[in-house]
């Protein structure tokens, strides 16, 4: 039976390779027929900023990689509304459409999961 | 209960590798089964077979090897993360024509699919962050 | 003349790729490239340009289906063109890095 | 218990705290144990005892936070349905 797996992405994309490697794991989870969702929270929202160019710092572009999530079967993309407000970001700043969740909605998302990882 | 563990931090640089090792030992002691320890991100450096710990500090690499060998726990290092950090087993050393295999043979080099399989085959999945 | 590759035949330097190199890599894998192969190679390259990722099998099938239709967008069709492991072989011939999940 | 929240850095409390349910448990580990000096609330609170002791916090830990051994850690994982790790 498929498990409900939530990837909680809360790291900024270029200060370390952490975000990129977590996205690779989320992509692979998608092709393994699990019910995968992703929640961008805190500095993880920076992963979604438009107009990134990872080539400028010698690597891949995290925002482009995130665009592949639906190709890999991961279509439930959520983002923390209060985080966006704190960081001064809106949907217009992002390169992908996400569903904004308040804290109550994030709690119920967490409570629906079998597994949560980062 | 079947438990799998992810270790995200490098030994010493992050406390997580040691915390995970202690947690795994306690879980085994309480009768649980550890299906797989998946070393992800800098966590793969736990496989470094050439490290030398000072005599008065815990040897984390040796601790993991002992856990793997005495309890049959699978120690899996993520291939994508391991290669770029210089952790190669004999097969990868040969493939990329490098001088030496750097990962201890108690660790197996695996794809990210094994991370997802650990999640699907375990009752609990515990992530030890960096 | 084939530029430097690793033991599995992937280009060490992706900038060395050109259609003649693709032909040579394919030849080493026992494949004579046809128009059907080139369609898939170009689609794998487009996937890479779009997402900074070499497609794994499932997303490659989906991508080909979206661009070429149901008949070509199947694992069987890709397996006939690129036997054994279509995503890896197509990436190799297209001058892309190994797909992430490959051992 | 519903969810076990592992907190290994003090700064992670800001992300974790708003998402606590009353029936959840929080286990402070590693540098997260420094949070045991503060007035925390929102769930059942535990702190990993060796990490507390190492950092000189044993006598300073707040009374609403229970020390937990590694065996207690395992039992919390058993009792909760899922584990989420907060790190910043």
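Letters are used for the chains, namely A, B, C and D, taken in the order the chains are written, and counting of residues starts over at 1 for each.
Methods note: a contact is a pair of C-beta atoms (placed from the backbone, for glycine too) under 8 Å apart; a residue touches a chain by one contact, two chains touch by 3 or more.
All figures in this text were calculated on a predicted structure; none of them were measured in a lab.
Common neighbours of chain A and chain C, by the contact definition above: B.
Set side by side, the interfaces A-D and B-C show unequal numbers of C-beta pairs in contact, with more at A-D.
One finds 25 Å separating the Cα centroids of chain A and chain B. With each centre defined as the average position of its C-alpha atoms, the distance from chain B to chain C rounds to 33 Å. Averaging Cα coordinates per chain places chain C and chain D 48 Å apart.
Each of the following residues of chain B touches two or more other chains: 80, 111-113, 125, 127, 129-130. The set of chain C residues that touch two or more partner chains comprises 100-101.
Contact of a single residue of chain A with at least two other chains is seen at positions 24, 28, 114-118.
Chain-to-chain contact here is organised irregularly, matching neither a line nor a ring nor a star, and falling short of all pairs touching. Pairs of chains that satisfy the touch definition comprise A-B, A-C, A-D, B-C, B-D.
Those residues of chain B that touch chain C in the shared complex are 79-80, 94-97, 109-113. Chain C contributes residues 47, 50-53, 55-59, 62-63, 100-101 to its touches with chain A in the complex.
Every residue of chain D that touches chain A in the complex is listed here, in rising order: 2-3, 15, 18-19, 21, 82-85, 87-88. Against chain B, in their complex, chain D makes its touches with residues 6, 8, 29-31, 48, 50-51, 69-71, 73-75, 77-78, 82-83, 85-87. Residues 6-8, 100-103 of chain C are the ones touching chain B in the complex.
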